[in-house]
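Look at the two complexes coming up: chain A is in both, with chain B in one and chain C in the other.
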Partner chain A sequence: MTEAGSKIGKGLRNVNFGQYSIYIVTVIAFLFLSLTRENFFRYTNVYSLVFGLSMEFLLIIGITLLLIMGEVDLSIGSVYAFAGVFTGLLVYELEIPLIVSIVICLTVTGAIGFVNGFLVVRFRANSLMITIGTMIFFRGLTDVLINFLKGITYPYEYRAIANFKILNVNFTIFLMFIVIIALEYLLINHSSFKKLYYIGENTLSAKLYGIRVDRIKHTIFIVTSMTAGMAGILGASRSGQTVWNTGQGLEFKMITAAILGGASLFGGKGSVVKSLFGLFLLTIILNGLIMYSVDPVWTDVVVGTVLILAIVFDTRINREKLVY
Partner chain B sequence: MKQILLRILKTKEIVVIVITIIMFLILSIGASSTFLTIITFESLQASIAPNAIVAVGMIILLISGVFDLSVGSVMGLSGAITALVLSHGLPAIPAVFVGLGVGLGFGFINGFLVAFGGVNPLIVTIGTLYIGRGLVNAVMRGELRYGIPIKNQSFLVLGQGMTLGIYNMFWIMLVVLILAQFITLKTSRGRRLYFIGSNYEAARLVGIKVKRTRLLTFMLSGFLAAMAGVLATSRFGISSLYLGVNLELKIIISCLLGGASIAGGQGWVAGSFLGVIFLALIVSVFNILEISPYWQNIIVGIILVFIVSLDAYLVTKRKKALGEI
Partner chain C sequence: MAVEEILKIDSIAKRFGVVEALKDVSFSINRSEIHTILGENGAGKSTLVKIIKGELKPDRGRLFFEGKEVTVIDPLYANSIGITMVHQELTIFKDLNVGENIFPNNIFKTKLGLINKKELLEQSRRQLALFHLDIEPSEKIANLSVAEQRIVEILRATALKRKLVILDEPTSGLNEIDVRILLDLIKRLKSEGISIVYISHRIPEVLEISDRITILKDGNYVSTVEKESVSEADLIRLMVGREVELLYSKKRQSTKIVEQAYFEVKDLGKENFVQHVSFELFKNEILGIYGLQGSGVEKLSQILFGLDSYDSGSIRIEGRDIKKHHPDQMMQHGFIYLSNNRKQAGLFFDMSSAENMACPVLDKVSKNKILKRKEIRRYTQRFVERFNIVIPDVKTKPKNLSGGNQQKLMFSICLGTSPRCVLLNEPTRGIDVGAKAEIHKFILGLPDEETSVIVFSSELPELMSLCDRIVVMKNNTVVEELTGDDIEEERIMALAAGS
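Moving on, here comes the complex of A and B:
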């Protein structure tokens, strides 16, 4: 082997491939589908996948930030559904101006996050169990609202939000890239965002070093609920009408995506860009199932299996931390 | 007897017992024409029995410090598969074994991943919850989605037949309950569950086979969930796409109400039965007051948040008293 070749070989050996595995797997899955299914790599299909992603990326941000701190919020799927319908109710039934409705709705979802965070921080309750409670609560409330509204189509201005375009591209796609890149930059470089990792690594020592753990956790819970609310408004605006079971199972999809992207239930790890790739991978897999005309009833089975596989790998890697 | 009574009076579950009795009395007096009829009692029996059987598996897991969210899906899947094999002409007894085998299989997967893989039980069982529910949808496709009717009489006896004026499934439930209560209270193997729940690491160090116990308890939970599914399907005479949806939360709430703790090491089987009765009575109250099922979800959510917060508060207080924080 030439000298240059061995240098490259050494360089490659020093690269930690585990760190980039999510990108590699995503690219492989993308290439595989592009080569085997001719309908996959069409502008319309890829655009609609990215557009769908730009609706859901707000959810993955909250979940990733929480997972970095070793907490989790399962209520986001219900909050997502609730926010869409609640804004619809304000606009359609009470005829409040759209902007005001959105502000009210985000305030309410922020309050949900406040309650979640309060219970978790103050009572040291298990965030999984608490947010299962709020999940089922808001699912019920959403059902009540939908039952009250019946199957309506939202007013035009509400439906127009998601369709707002810049340069013929939906603004949400721009928003996604800007927010994700900015947040990733902050997480890597900014001291107050790095604190999230310290908390996740070791809460006790973070506390001893003077980080206000409770306050930060509380804030992130509020942020998570509010971003879920924003995503819900966008999602409802896209679908344009009241839909039963909106956002059902979304929380598990997000957790699966984040764990695929290297976040860990044990805290201390995670990156929003990788989580987004995890979500994209999951989207591709589900889209691929449709391309291969697999019956949609298998979707749940696939998501469940991917979730378990991801978590098993996560546990193998972070093994020393905890035993159940 | 006196000891048992004293013991009951000392527990924190006494509040639940009192509320249950008060609720029962109010229902009997206030809505006597609708509540205190034989039909209500029969339907109460039928709604309590499967849930109480699932709750036995859950309380044993909770005592040893873990829980299982897949029970609802396992219940639905075993019911659906039992109905499917029956409709293909399999006799009753093998069909029941097939249904129970589904539960054992799911329990094995859960238990193996949690015990030997060291994976978070919540996420594993959420994954199997999805897989199970997806498989229910896959089994009951097309025409079957409206339910697979069952005509096999010897199978229907399980859920619809009565002995001494009480449903057979209720008898089965009683046997399971008494056995489980006896084992967890009086045998050394049962007591080990409490050790494991209070301190997993210490239990392992004193030589308790913690991993094997984890695996077996998860398998038991899956098995009992499947049994509940088989019994409920037999009771309705038709399999349902929605059997066991959201059941896991109600069961966990029942167990927490009955004195168990998410942190493990606490709880008793009779307590979980009490919790199940409590929830069943609440649902009866809803139905008599004609509150729609959506509101029931809201109230279940509130109860869950309340109970979990209270549980966490009490655990923190205990740990503070012990100087662990």
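Moving on, here comes the complex of A and C:
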């Protein structure tokens, strides 16, 4: 091999493909569906995919931030459902003005996050276990509320939130791009956000070097619940009525998306842009199944397979090279 | 009795990428001898041991065990022919009892295939008695001291009629008394006919226990010497290839000390850990705190930095009581803590060295809270040069550095905060003599930068060569404070261990 050839070879070996794999896979999936299904790459279809994404992106934020620190919150799906119905209850049943209702709802979801975080931080409880508890609790409470409200349609102003448009584009799409890009920038460059990675990589070391681990974890648990609450309000606004099993399984979908985007259950890694790509990939895969007329009952089988494959590839690519 | 070779290492070579870890190393180990492999970090010891243990395949060369060539490269196979290893890190099953830890593979079964507990305990008791150990096999292992846990680990390796046992730094982290117990155990293993490959950085200990010593340097075989024919200085020279000055030379009294209490601890107490601890640290002084394992020294170091709480007493910095007591508050007062266990805390193994350096000084290396990458690189580079850290690039992750360089990096992370007082917990644990001498030099230079130092170390010679004053602890409290000519090894040991 020539000198130049070996240099290129060496250069290629130094590129960490694992770092970009989510982008590559998403682009391939996107191109594949665009080329094989004529209905896929149409403005209305792509727009509705992106709009759907903008309804859920708030959920991916909290999960990603928590995963970076090696924590997780499984209650987001339940909190999502609870927030939607609870706001509906305030507006419809108690006739509290919408904006006040939203503030009350976000305060309550913030309190849920406070409790989750308190239990994890104060009692050193495993966040996976604790939030399974809150997940079940709020799923149950949501069912109680729906049972009480029966199948109602929410008032017009509540339903109008998700449909609010700027320049004929749903505002949530703008919101998504702005928030995700800003947050990604902060995660990489801001000294306070950088602390999340230190905590996830080694909590003890982080403590040793003056990072207030408990306070930060507690804050992020609150943020996670509140953003799940916001997403829940948007979701309920979009569906317009009380729906049983809203948000069921959303927590696992979000974790799957974040892991596709390179986050790890062991902490220290994660990016909100990549997590969003992970979510987008899942979305187009599900859309692709519909385009290929696959019976919807297969959805979970596919999502499960994707998660397993993602984890297998992740561990293979990131497996530690032999350290001498 | 004729000398019989149990293991013959014949022209073993191993390369990792561009690094030649071992270059044609040949020597042999005799039956029932204690054979030490000595060398600086990166000399190739661990690579060689991994090859013997069947964990790594050599590029060239052959291994002969009891005269037969070893062709299967597999740790389980090595195990089956009688080669075992006890790792430096404890690998105990902490929820199990002593007996279950000695025989973890469930070899004693009843007819139904269940564990035969009686047999297990009986066999464990026999093993323990063999070495005159007063440990009850049904005791939970967590209730044992670190030294006893290590002994249990060694018994696990030897209990099943092993022939060759590799001991990797078995005494690291142990205090003098426990080291004695362990060395006695190792001698008894030898008299039982077991061959021992011993790895340690502690030269006096090596000289005491070994029959022969093989020295490796930069992957090369240097020589194998009989213990009787060498001195400590000879070994260091063979190992380092140069004279190392300063190792444990008596320290000249520092002239920088300002006799005014900078840091005062009064009547400090925490139930079951420390009680009535009082001492003060002068400005620009190097104070040593010494105590055997279980004397409360380690807990004290953690309490002082706010890693743990205390129930009574007070801590004052420059005359002011410290109310809020967390690591970040202590850092605001100019304190910093060097972890005694870099594998557990003190480094971020999977982040770049530059990110490691930036951690405690995030605000210093950022502008309006936005990190300045160039500044972080420059800052890291400065410390890499100052502390002679051997590192390809500031992006290199600590997991790819040798132990000595990891320790120096951790030291740099701490000193980067421009501390006014550093708490050093075992500052040279598990590193080679060269790196150790360098770190000692840095520590001795700290008072010149207006930094006060407290050193917590289980190595008495280290403390004696570094400190202006030594506080001795026993049974969770301070028993004596020594300065100047009163600092004598025998005297300190008597205070720390006496009744």
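Convention: the second predicted complex is superposed on the first by the 298 of 324 C-alpha atoms of A that agree within 3 Å, B and C clash if a C-alpha of one lies under 4 Å from a C-alpha of the other, contacts with A are read in each partner's own complex, and residues count from 1 in each chain.
In this text, a residue touches a chain if its C-beta (ideal position, glycine included) is under 8 Å from a C-beta of that chain, and two chains touch if they have at least 3 such contacts.
Given the structure is predicted, the values throughout are model-derived calculations rather than measurements.
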| item | value |
| --- | --- |
| Chain B versus chain C as contact partner of A:G304, first or second or both or neither | first |
| Partner chain in contact with A:E184 - chain B first, chain C second, else both or neither | neither |
| Partner chain(s) touched by A:I132 [first = chain B, second = chain C, both, neither] | first |
| Chain B versus chain C, judged by how many residues of chain A each one touches | B |
| First (chain B), second (chain C), both or neither touched by A:E201 | second |
| Touched partner set for A:Y209, first chain B, second chain C, both or neither | second |
| First, second, both or neither for A:G140, with chain B first and chain C second | first |
| Shared contact residues on chain A - chain B and chain C | 322-324 |
| Residues of chain A touching chain B in the complex | 119, 123-126, 128-130, 132-141, 143-144, 147, 249, 252, 255, 265, 295, 297-305, 307-308, 311-312, 315-316, 319, 322-324 |
| Residues of chain C touching chain A in the complex | 16, 19, 21, 47, 307, 326-328, 331, 337, 339, 344-351, 355, 358-360, 362-363, 365-366, 369-371, 399-400, 413 |
| Interfacial residue positions of chain A with respect to chain C in the complex | 189-192, 194-195, 197-198, 201-202, 204-212, 268, 320, 322-324 |
| Parts of chain B lying in touch with chain A, wherever the complex brings them together | 65-66, 113-115, 117-124, 126-135, 137-138, 141, 200-201, 214, 246, 249, 252, 262, 292, 294-302, 304-305, 308-309, 311-313, 315-316 |
